[in-house]
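Two complexes, one shared chain (subunit A), two partners (subunit B, subunit C).
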Partner chain A sequence: MPTISGVTQQIFGRKPGRGLLLTGLAIILAFVILAVFAPWIAPYGPTERSVPSSLAASPQPPDRNHIMGTTELGYDVFSRIVWGTRIVLYVVAFSAILSMAIGVPLGLVSGFYGGKLDRILSMVMDSIYAFPGIVLALAVASVLGPSPTNAAISLSVVYVPTFFRMVRGQVLEVRESLYVEAAEALGYPNTHIMLYHVLPNVAPTILVVFGLAATDAILTEAGLAFFGLTVSYPSPDWGLDLRVGLRYLDQGAWWATLFPGIVITLLALGFALVGEGLGERYAIRTER
Partner chain B sequence: MREGVARVGRLLRYIVIRGLLIIPTILILYTLIFILLRVIPGNPILSALGTHYVPPEILQEKMHRLGLDKPLYVQYFDYLWNILHGNFGESMVIEGRSISKDLAYRIPATIELTIAGFTVSVLLGLITGTLAALRRGSKIDYSMRVYGIVAYTLFIPWLGSLFILLFSVYLGWLPAGGRLDPSITLKRITGIYTLDAILTGNPAAFFNALKHLILPALTLGIVLSGAYTRLVRSNLSDILQADFIRAYRSRGLPETKVLKYALRNAMIPIVTYMGLQLAILLGGAVLTETTFSWPGLGSYLFEKIQYRDYSAIQGTIMVFAFMVGLVSLIVDIIYALIDPRIRY
Partner chain C sequence: MESVVRLEDVSVHYYTFTGVVKAVDRVTLDIPRGEFVSFVGESGSGKSTLALALLRLVPPPGRIVSGRIVFNGMDLLSLPEQKMRELRGKSISMVFQDPMTSLDPVRKVGEQIADVYIEHGVTTDMEEALKLAREALEMVGIPGDRVNYYPHQLSGGQRQRVLIAAAVALKPSLLIADEPTTALDVIVQAKIMDLLEDLMKELKMSVILITHDIALAAERSDRIAVMYAGRVVEYGPVDAIIENPLHPYTRGLLESAPDLWGEKRIKGIPGNPPDLRNPPRGCPFHPRCPRRFDPCDKDEPEYVKVDDRIVSCHLYTR
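Up next is the complex of A and B:
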């Protein structure tokens, strides 16, 4: 059973990948704080007209009251980023957990029992995996209709195969090991072996894949938002704000695209560093 | 001579077998998309038209026209049969509009962008990865590692917007979107404009098309290069430690020659990766096209999603599926040709 001191030891202990892991976790934590304390951090509401109506017809550059400028409708860019964090984190967390909750058990069972089911499942998962993720997510989301929950479901369709393939591959390896053979010889039931002998050994891989899938999911979520498939404008979402900002780029309104883009990349980088750090610690090589 | 003929024959057999293997992949994706589009809550035509009410006889007529009144399994095989013949049906929104024609017009634009982006990403990856591998543990190595991670996390429309801002809005050097200035005339042959300009001997059109291609290709290429940086770095530095490299060096072979042999050996895993990467490349092209108003499949998908034109969306997805299948076939063939361990 992992204890709390065991977990802190895992994260903070002087092991390879510590710097990467800590930096990544710090970035993610900062965004979680933004999301939780949005009403106190954001100076304005996400759709509050925060400039005098005489100025509201065009985006205004950053100044003392609007540290990241305003949009064409007079919304405060910084406030929208802060509020948007909630949507982004919701979609990404929901989809990462959902695809893990489906992909891991499927990979576990499929790899453990093998046979016909395994072959069919693997073929389906490989086909989805080979397809461009964002295109698939766009197709699913456009069918389900624009909403954060639907966006999360669409992302899960893309990332279930990622978990499935990694876990299945690991299970095939672990399955041949002595301790699994021993457990079988002792007459433990299959579910017991899977949960107590196979799963713990696959856990580090799951964590690394989680980091990588979340990185990808943030960028894909931003893509869905860019296509208008997470929320409808003027609700705030980074990717959508960036697209709206593109229209004012030729007027030189750099702040409306620069800042939403920075936070997308920063959050993606946070998860990438966590995945990278964990990969280095457990010496797990991934396809990426 | 006879040995050569036998070799070509074996290669052809290998290609055919590999080609047959992509059929299940495409069928699975087709089935998935088909099921997906049939679970849309409500009537797809109503939602495509954006209304709640259409007179029943008109709705009936439209359903009939699009073949949506047939039993599901008939629709499944009908549509499959049709797309195998290059017929992607008719738009749900604009009556009588052939989706195949739209797609055929846009596919070359996506191919042009994808090839250009691919070239940029491989070149950048080779340069940065080699720099890192040659000075393992140095500051250059460290910064290339950071580049490898950060490049991957860049959001394509964001990087694109930065380029537009710098090179189009401020400097005015390059266009912010499109494929060709309206003032330029170019005879369309393949639809790949830079190639068409060469074929028709039209330098003005060539340079104009190239100017439009630079920013989108750079955007797509940079984001995808990160993975190559890391791959080249780790493979090349492993190989540079190998015995045969030490043997070359001890024989006094110039360092550039040594690097050439090392790179050649590092290429095999990189080519494998190119196959995996192409799906990501096509996905990235969708966002790049939308950012730069590049009239390819990606911006087509963007338009059709805004209009909820489900038959056009379905068609576009199927074209992507075919492209992925085709590309993985090509990679398999290249792989068989360069890796002596593969028997065919």
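Up next is the complex of A and C:
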């Protein structure tokens, strides 16, 4: 079993990719803090009319009380971004974990046993993989109906094949290794070999793919939200705010679109850095 | 003479895209209980495939196509897979060539030995299994506290000891060692071979050593089986074979081994081993044989018993 110091050593030790990894983790951690402590960090509620009603008809530019300005209904943009972090992180974490929970076991079994099962699963996964991610997610989400959980499920459909393909490829490699042959010669059942020999040796790959899938999930989630497939206005979600902000962008209200756009990019960057850092550390090539 | 394993007419073929490779071709022999038997031969002679066949672990596209392997009275080739798996590691164990890659890099060596006890139902308690693993390590000459080491923290010789510890943990009656010392230096090689001999006596095992090093085989074995092109061309007690090789190939092999004082010229055997997809007609060795005569390129020689040896060569067929 890995020890606590072993894990910290893995993350913080002077190894390749350390800078990328730490920067990425810091960004993600910052957003997690925003989400957890939203009621204390956000100056207003997400749907609180935070300006006097005389001003509420038009969006107000950033000032001392509203560092990122307000929307036309008088909502505080900064507060909405803080509260919106909760939805975004929920959808992203849910979808990345769900697609990992499905894709990894399938890839493991498929690569390990090979044969007919492997061919069928590979074909199914490849045909899903052939769709552009956002189109597929939009299609599934509109069938399931708008809700954060449904958005997460439709994103999972997109990332299951990513996990499947990467894990299966690695399993094929590990399966040929001498230590697997030696384990067979000691009479271990296949389940033992898969869980104790194959899975730990593909674990770094799983982490890297997790980073990549999460990065993509943030952007795609924003896309789904943009089309109103996560929450319905006025609940806060970055992608949705982006679209609502577009309505009065031509009135010069740049702040209502710029800031949600920045946080989407920043969080995606955080996950991408983690994925890249892990990839560099474990020298894992990722073909996407 | 009671045998631990008896091979009867065992053939293993690899079905490749370019043809059927007869890696092991109708091998018949007896391994006496409690003896140290070496299989010697050059690369591609089928000795490793034969070892894997004993465990029924020949990798695809290979298949054991015929014969019987009788181990302690059971025909291994007709056992269900589940039963065969129970025998592996418990009654028949194997140690592989390359200790650097035969251990799982991400698990502690103690856990890897403890697995043997758990998977074969000796105990269900990991603590207990680790205690047994510690004893197993000590038996092969590694301090017990190394259970917490990862493979990369051990030297090649130590890793091979760990693998041996796992292989003999359940006191198997047969241990197959496939070139266990090829990746190690000579000093370590001698120590590992000593360890194998000690364990053999202590646990009353039989040992099959697969090697291309005929000097090593001569020094350690009770018996030698010489393989060529998938056939056992000569099999018998080590002294008889070394002093008076019957088969021309055995003679050639012995004459190819350098001696320490350099008094003898290394002769070598001209030519190359045959392509096993398309072996020569008759005796597979005849194109390279210095003593070939009339029947060699027509009929395949049968096994002939000469004293306590068997040999497959037309020189002795009548």
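Please note the rule applied: the second predicted complex is superposed on the first by the 287 of 288 C-alpha atoms of A that agree within 3 Å, B and C clash if a C-alpha of one lies under 4 Å from a C-alpha of the other, contacts with A are read in each partner's own complex, and residues count from 1 in each chain.
As a working rule, contacts are C-beta pairs under 8 Å (C-beta built on N, C-alpha and C of every residue); 3 or more make two chains touch, one makes a residue touch a chain.
None of the values given here were measured: they were computed from a predicted structure.
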item: First (subunit B), second (subunit C), both or neither touched by A:Ala182; value: second
item: Which of subunit B and subunit C A:His192 touches, first, second, both or neither; value: second
item: First, second, both or neither for A:Met123, with subunit B first and subunit C second; value: first
item: Subunit B versus subunit C as contact partner of A:Tyr282, first or second or both or neither; value: neither
item: Per-residue contact with subunit A, leading partner among subunit C and subunit B; value: B
item: Subunit B versus subunit C as contact partner of A:Tyr113, first or second or both or neither; value: neither
item: Partner chain(s) touched by A:Pro200 [first = subunit B, second = subunit C, both, neither]; value: second
item: Residues of subunit B touching subunit A in the complex; value: 24-25, 28-29, 32-33, 36-37, 39-40, 149-150, 152-159, 161-162, 164-165, 168-170, 176, 227, 273, 276, 279-280, 282-284, 286-287, 290-291, 301-302, 305-306, 308, 310, 313, 317, 320-321, 324, 328
item: Touch list for subunit A against partner subunit C, complex; value: 177-179, 181-189, 192, 196-197, 200-201, 203
item: Partner subunit B, residues of subunit A touching it in the complex; value: 123-124, 126-128, 130-136, 138-140, 142-143, 215, 219, 222-223, 226-229, 239, 242-243, 245-246, 249-250, 252, 254, 257-258, 260-262, 264-265, 268-269, 272-273, 276, 287-288
item: Complex interface listing, subunit C residues touching subunit A; value: 55, 57, 85-90, 93-94, 96, 98, 101-107, 115-116, 119-120, 163, 166-167
